[in-house]
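All chains are identified by letter, namely A, B, C, D, E, F, G, H, I and J, in their written order; residue positions are counted from 1 within each chain.
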Amino acid sequence: MEFLVHIEVEWPADGDPQELARLTAAERERAAQLAAEGRIRRLWRIPGRRENWGLWEAPDATALHESLMSLPFYPWLSIDVEPLAAHPSDPERPGGR
Amino acid sequence: MEFLVHIEVEWPADGDPQELARLTAAERERAAQLAAEGRIRRLWRIPGRRENWGLWEAPDATALHESLMSLPFYPWLSIDVEPLAAHPSDPERPGGR
Amino acid sequence: MEFLVHIEVEWPADGDPQELARLTAAERERAAQLAAEGRIRRLWRIPGRRENWGLWEAPDATALHESLMSLPFYPWLSIDVEPLAAHPSDPERPGGR
Amino acid sequence: MEFLVHIEVEWPADGDPQELARLTAAERERAAQLAAEGRIRRLWRIPGRRENWGLWEAPDATALHESLMSLPFYPWLSIDVEPLAAHPSDPERPGGR
Amino acid sequence: MEFLVHIEVEWPADGDPQELARLTAAERERAAQLAAEGRIRRLWRIPGRRENWGLWEAPDATALHESLMSLPFYPWLSIDVEPLAAHPSDPERPGGR
Amino acid sequence: MEFLVHIEVEWPADGDPQELARLTAAERERAAQLAAEGRIRRLWRIPGRRENWGLWEAPDATALHESLMSLPFYPWLSIDVEPLAAHPSDPERPGGR
Amino acid sequence: MEFLVHIEVEWPADGDPQELARLTAAERERAAQLAAEGRIRRLWRIPGRRENWGLWEAPDATALHESLMSLPFYPWLSIDVEPLAAHPSDPERPGGR
Amino acid sequence: MEFLVHIEVEWPADGDPQELARLTAAERERAAQLAAEGRIRRLWRIPGRRENWGLWEAPDATALHESLMSLPFYPWLSIDVEPLAAHPSDPERPGGR
Amino acid sequence: MEFLVHIEVEWPADGDPQELARLTAAERERAAQLAAEGRIRRLWRIPGRRENWGLWEAPDATALHESLMSLPFYPWLSIDVEPLAAHPSDPERPGGR
Amino acid sequence: MEFLVHIEVEWPADGDPQELARLTAAERERAAQLAAEGRIRRLWRIPGRRENWGLWEAPDATALHESLMSLPFYPWLSIDVEPLAAHPSDPERPGGR
């Protein structure tokens, strides 16, 4: 099942730059793993913001929650999850196939 | 350039069912053309709602506007467009490549 | 997978009372079928409003969407779906078991 | 009387991890007591968020308030309570019976 | 149990004046009955608006819902119900007594 | 003139417990004085929240503001005031009498 | 007591132009009377909108409500009333004097 | 003085196409006049929506209101006006010069 | 040109009382100067809140911005400015005269 | 492609004045470079607020994001980006030409 996931990083403006660099590197590594596992399908930056839109895939909301909690930035993230249903006109998976 | 597009169909509950059927068929055909042209990349239903999320691609906002206006349902649509920027961890087009 | 579903019935105040009675009876029958199929688990009225909260269960969002669309009142419904993840302290299905 | 309760845990991202672990354990214990007393009926995580939806039961809003205040995390909680009325199509307690 | 109830009358500006007069008279009579039964405790107009705030009392949300549905204007009402808990400093019923 | 007053106490979760206890006691005493003066007519807790609804009475908004500012918790309060007009069906003061 | 009043005229775009002209003339006459009685102190158009801000004065919210209801456009108005308290730095009535 | 103006055209989906064509042509002509008078400086479509953003210039809000009211679509427009102040880093009119 | 200005003072509840007293005195003095210069026409407290509504007058938004920035509390203020247009029924300046 | 960009500077009221002065000077210098590169076309202050509206131009959202991230104040900025499409009545670039 696919989910549209909106993530905002609430890192404080005066946060420690070294900790930020360490977390950013760890986040990138974890994202690569989640992509390799088929959890993250697409990822986009929202221009001008510390936010991203992602297309995630997971068997259900419980499995998705575990993947999201595994992100190194998790304590600083505000996450919104929207469940997606198949659309007959979807070019990639028409009708969910 | 990719755009995240949210479309709500504001068709009235007491609208003419035949006109609705005609428009739905025309919409499906036009969506297939837009998919073939590479304008529509993905399309999902929002469960329980007459709304969808779509991943669209166009050279700029002016070209996207023309594609959206070409939808047969256009007069009944409430559309929100969000510009997307490349993300270094995007599995499909890392860093926008 | 369980979903928390909020349904608002947007029946017009000056709608035909006979059609309303017919739809209400059909809705009740369809709800009983969905309950028998395990789709609807719980259902509550929101006091003073033509709205309800429901606990629904379905394999995924696509199946849930089909069940919601099968409601006789569907053209008049404004529906919000929230995906639910397992909670370790849930008395009935602890940790989703 | 049943209530739909939405709880958000506003624990700061840079909060003390040991205090967080201590409070989480105490919260789980208290939740088990409230479940045993019939106060908490169901509990779900909202995927990606430090929030949960719960189905609570109490004689009235005053008793519910006391139960909610007894949660160890209470000073960090933002809680929304919605009163629920019986629905004739509720599979478990049809018409509130 | 007491409830704070906000009612907005969504009567159309071009509605039939005679029907409005008939409903207003019926509403006033029904409100007097609900006051006599102890359901309506206080009622205030919100200045400039077709809305009122009311202090209602009922055993639970199900009974309150039935009282609200008995109002002649019910099909035109948008109603919000807030459950109230006892406050130790309430002059009239301190601590809910 | 009566006012419906909504008060939220924005005391920080990690605030000093002794200062909180001192302020709570002072607040209760001041509330009793305001009730004795006829300023506070009713007071309710909003279940699960550090908020209350109150029915206040004062000659005008300037006098009400002075009463509200006299609350010991005032620097931590977020207060919303709604003016109330007489309703012909109010059981206690019909038509404002 | 002074009130800040926001009025939106919800006249339909396809409303009868003659009725609109008749109501506009009647509204202007009634506004002049309310100004002469000291009810309306100031009145401003909100640029581009069928809305205005007004400074009104009345003994209390009940009297203000009656004045607002006397406007010929009343059935088409959406009105918001904010009570105003005296400010020590007000040039015209410092401290409410 | 410059103003940022947001205009939404609330033309009904089932409106008369001939009247729409007539108004669109008249609107285009009036916009050209307002541009020639220096009232409209820039104009952009919001992709997917019947809305535009405009940069307008007028001596004050009263003059701007008159220009906006002169638009043939005015009865169907929902307009938001934001006053703009000079910015020292504005490339075109640095510091408002 | 007149502006309706809403100011919220975001002074922290645990701010230094001496600094607050110093700023309050300076603010009052500056407000008197702005009133003498014809910038501030009226000023009201919003009951129960650290907010005020003000009627300001300035040649344009740039001049108004400079006056607002001259307030000693400026770094703690959240300010909303609404441009006002003349109303034909304004008792004090009918039609902006 | 043009973008309408809204920027809010979330600099804390008690922030270091010297750091603020240093950042403000650096920001002005960077803005001048972005204007020289054709990225920033127009810039306006929102009266009374630490916010601005800007007309930016960039090949796509990814390039715009890089320009916005290059602002010295970036960690303290809350930025909203709206894509703009050509309007046939735009005086400066009619139909996007």
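Please note the rule applied: contacts are C-beta pairs under 8 Å (C-beta built on N, C-alpha and C of every residue); 3 or more make two chains touch, one makes a residue touch a chain.
Since the model is a prediction, treat every value here as computed from it, not as a measurement.
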| said: On the document's contact criterion, could you list the chains that touch chain G and likewise touch chain I? | reply: F, H
| query | Counting C-beta pairs in contact, which comes out ahead: E-G or C-D? | reply | C-D
| said: Need the most distant chain from chain H, centre defined as the mean of C-alpha atoms. | reply: D
| Matching chain pair for G-I (criterion: over half of the contact pairs shared, by residue number), options H-I, C-D or C-E | C-D
| message | Distance between chain A and chain I based on Cα centroids, please, to the nearest Å. | response | 44
| Just curious, how far off is chain C from chain B if you go by their C-alpha centres, in Å? | 27
| query | Considering chain I alone, which of its residues make contact with at least two other chains? | reply | 3, 45-47, 61-62, 64-65, 81, 83-86
| field | Complete list of chain pairs which touch one another | value | A-B, A-C, A-D, A-J, B-C, B-H, B-J, C-D, C-E, D-E, D-F, E-F, E-G, F-G, F-I, G-H, G-I, H-I, H-J, I-J
| said: Help me check something: in the complex, which residues belonging to chain J touch chain H? | reply: 2, 4, 27-28, 31-32, 35, 40-47, 52-53, 55, 82-92
| request: Would you mind writing out the residues of chain B in touch with chain J in their complex? | output: 1, 3, 60-62, 64-65, 81, 83-86, 96
| field | chain J-facing residues of chain A, complex | value | 13-14, 45-49
| Considering the complex alone, what residue numbers of chain C touch chain B? | 3, 5, 7, 10, 61-62, 64-65, 68, 75-81
